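Next, two complexes with chain A in common: one pairs it with chain B, the other with chain C.
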Partner chain A sequence: MTAMTAMTAMTADTAERYEAVFDAAVAADERIEPRDWMPEAYRATLVRQMAQHAHSEIIGMQPEANWITRAPSLRRKAILMAKVQDEAGHGLYLYSAAETLGTSREELLDKLHAGRQRYSSIFNYPTLTWADVGAIGWLVDGAAITNQVPLCRCSYGPYARAMVRICKEESFHQRQGFELLLALSRGTPAQHEMAQDAVDRWWWPSLMMFGPPDDESSHSAQSMAWKIKRHSNDELRRRFVDICVPQARALGLTLPDPEIRWNEERGHHDFGPIDWTEFQEVLKGNGPCNEERLTQRRRAHEEGAWVREAAAAHAEKHRTTPPARTGHGAPQEATA
Partner chain B sequence: MSGSTDWPLWEVFVRSRRGLSHTHAGSLHAPDAEMALRNARDLYTRRGEGVSLWVVPSSAVTASSPDEKDPFFEPSADKPYRHPTFYEIPDGVKHL
Partner chain C sequence: MTATAAEATAAALALGDDALVLSHRLGEWAGHAPVLEEEVALANIALDLLGQARVLLSLAGDEDELAYLREERAFRNLQLVEQPNGDFAHTIARQLYFSVYQRLLYGELATGSGEFAPLAAKAVKEVAYHQDHAEQWTLRLGDGTEESHGRMGRACEALWKFTGEMFQPVPGLDLDWPALEASWLELVADVLERATLTVPSGPRTGAWTAGAGRQGVHTEPFGRMLAEMQHLHRSHPGASW
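On to the complex of A and B.
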């Protein structure tokens, strides 16, 4: 054996050993942490999914922020601002988690701005009325929670930890949306109609948030094997429909699907077929707001450049003479 | 376009209430310690999760290597006598 083949053989042997350690950890339901060895495809899948997730959070700020200035009361305005601020926070948790895989923040943002990484297609629909803020909270955040709760047990530690924080905060989002819709539903006939119209428009896109049917989902099987994903798209979609049907009844609103009915045999609700052509079109960039969302995102980034520059200049200026910090006492506490 | 990647990464530790130690909450980018603290407040304590915050440059953290996990922590693995359950005490002996 030449020295070269010996080395190749050893490397292959080492890789095999690493892979075995990784597989065993996943099989034992342990978490994979940033500096552990992991298959490149696992890393790439996580970066793709976490980037898309992070992008969705910050793009998702736009349709709702659209209504902050026109919220009908100070209470609703304060709630909406807190919610939009949460979405920014969720984006930051996820970007940080994605960075543990060796990608930089700038790279992720550049890819979003260049249209090379996606965000959830749901945010390419417009928020036409105030009731849409309620429908987004109830249905869109509701679907997101259904998707995200199992991600708290995702095999990648930093992603799972980010999801725990996010899920805790999302439940406020969903409840405020439900309460908002309930107020409208029980209001004047015009308000009731507005609530119904919003639910009619957001229902189907919300069901699409779970992704294509299982037999057409390209990444599902591998992601389930790696325990990044714990349940299939169709399984989560079914769960969501089962949750929503009684909630819609409590709201006094109907879901825009005449085929929804309880199926005793399956123990789930049956529901009508989803228009996947629409989903594919929105994904391709032909949704009502694709262009607007991305343009706004790029503009926000560019117009915020002076803030980043000023902060950097300020940091530079104080690097030699750090501002006095009293009261927080970190150095003293650190030894305790 | 000036990105945030020029900004160093900071690790954030939150003391959730007096009497408990600071716990790692996550990380963020900021140009300096002052801004890191402010960002940490906005990012990790929006719901009263903390009464005190530490921010530490991530580059200042020295970590044990995951590859050396087994040998590095080996010394503690073969010393069961460090645990109280190692010792057999006759039934009926109290406060021990």
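On to the complex of A and C.
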């Protein structure tokens, strides 16, 4: 045996042992942490999913920020501003969590701007009326929570912990969205109509947020085996519909699906078919706002370049030199 | 000297309008900031100001009626706060000028026994943070790159003519206005010098009567800002939201 093949054999053997330790940890529901060994495909899947999640928070600011300057009362304006601010914060958490996997925020943003990483397809729909702000809170955040609560038990520690913090704020936003729609639904006839129209337009895109049906979901099986994902797309979608039906009734609004009815046998609501062609078109970049969303994001980044350069130059000029060694034994250890 | 009820209402309106209008301008940044941390910071400042506006306008009447149903000539805010955002340097220069003013003003009001004292005591803490934010960015941009130095300098120059009106006495606010102005000039000059910028030398009232904004005389961009802000509310008379 040559030295070369011996080494290869040993490396393969070591990798196998690492893999066994990783598999056992996942099987025992232990958390994988940044310094732990992990399969490259697990790392890549997480980077992709967390980046997409972070990008969604950032792009998702746009359809709502669209209404900040037109919010119809000061109370609503304050709530909306706080929400958009939270979203920027969620983006920051998620980029930080993704960075524990050896990437950087700059790199991820570059990929978003180049169209090489995605964000949630839902944010490619326009906010045409004030009621859309409520529909986004109720339906879009509602779907996001249904998706994200199980992620609080995701096998990757930093992601799971970020989700715990994010879900708390998200459920607050969702209640506020519901309350906004309720006020409209019980308001003047024009306000009620505005609320119904918003729900009509956001319902189906919200159901698409759970991703393609189980038999067409390419990443699902592996993600479930790794315990990144805990439930299938269709399972979460069913759960969401079951939650929304009574809530819509409480709102005094209807869902735009004549086929929704309770199925005693399955213990779930049946609902009509989703237009997957539309979903595919939006994913391909042909949704109503794909172009605008990315253009605005790129513009903010490009127009802000001189500000970031200034901050870096200032920091460089005013960098405090680390204290010199005093010559009395070992250099002082940082205690922070 | 005790302010009359009418004077107190007018003063609440003046301070409330400043906070409302600047909050609105900062809200326009959402989704457009140069870095994510600034999305958070600018929204945070906008929220603080909106909170102040709501308390102050409620002292003067119904907050939504006052915000959404007055026309341009009835607003009492400073012309400084209604100025368009411009580039990030313009926004920072506006923040620097206004937050130093607001901190001095609320600092004084907080120590008094007038009806604004409780509000001022809370607001002065928020404003200290706003001032710090504006100051740090003035230093970074002024003493950053050649480009940022130029932009920050031009922004400070461009807004200088709106700084005089801040010290036109507001009836109902029993303050030593000339002393306030002297402190403001000293503090702003100090920041600008540390930022390697020149303190602007032009007139501080432009062609305007000092205090025009306080009398409901505004600049052109303000009307468009109000049109956007009030449109939805005005389209549904009497509705609640």
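Everything that follows uses one rule, which is that the second predicted complex is superposed on the first by the 318 of 336 C-alpha atoms of A that agree within 3 Å, B and C clash if a C-alpha of one lies under 4 Å from a C-alpha of the other, contacts with A are read in each partner's own complex, and residues count from 1 in each chain.
Operating definition for what follows: a contact is a pair of C-beta atoms (placed from the backbone, for glycine too) under 8 Å apart; a residue touches a chain by one contact, two chains touch by 3 or more.
Only a predicted model underlies this, so the values are computations on that prediction, with no experimental measurement involved.
Once both complexes are superposed on chain A, the partners chain B and chain C fit side by side without clashing.
Shared-chain residue A:Thr69: touches chain C; no touch with chain B. In the superposition on chain A, contact is made by A:Thr188 with chain C only, not with chain B.
Once the two complexes are overlaid on the shared chain, A:Glu106 sits against chain B while remaining clear of chain C. Shared-chain residue A:Ser96: touches chain B; no touch with chain C. In the superposed model, A:Gln85 lies in contact with both chain B and chain C.
When the two structures are aligned on the shared chain, A:Arg35 is found in touch with chain B, with no touch to chain C. Contacts of A:Pro150 after superposition on the shared chain: neither chain B nor chain C is touched. Of the two partner chains placed around the shared chain by superposition, chain B and chain C are both touched by A:Glu309. Chain centres taken from Cα atoms put the angle at chain A, between chain B and chain C, at 80 degrees to the nearest 10. Per the superposed model, the minimal spacing between any CA atom of chain B and any CA atom of chain C is 6 Å.
Residues common to the contacts of chain A with chain B and with chain C across the two structures: 82, 85, 89, 92, 105, 301, 305, 308-309, 311, 314-315, 318.
For chain C in complex with chain A, the residues that touch the partner chain are 20, 24, 27-28, 30-40, 43-44, 46-47, 50-51, 53-54, 57, 63-64, 67-68, 87-88, 139-141, 143-145, 147-148, 151, 228-229, 231-233, 236, 238-241. Of all residues in chain A, those touching chain B in their complex are 33, 35-36, 82, 85-86, 89, 92-93, 96, 99, 104-106, 109, 161-162, 165, 169, 301-302, 305, 308-309, 311-312, 314-315, 318-319, 322-323, 325, 328, 330, 333-334. Residues 58, 61-62, 65, 68-78, 81-82, 84-85, 88-89, 91-92, 95, 105, 130, 180, 183-184, 187-188, 190-191, 296, 299-301, 303-311, 313-315, 317-318 of chain A are the ones touching chain C in the complex. Contact residues of chain B toward chain A in the complex are 1-7, 9, 22, 26-35, 37, 42-43, 46-47, 52-54, 63, 65-66.
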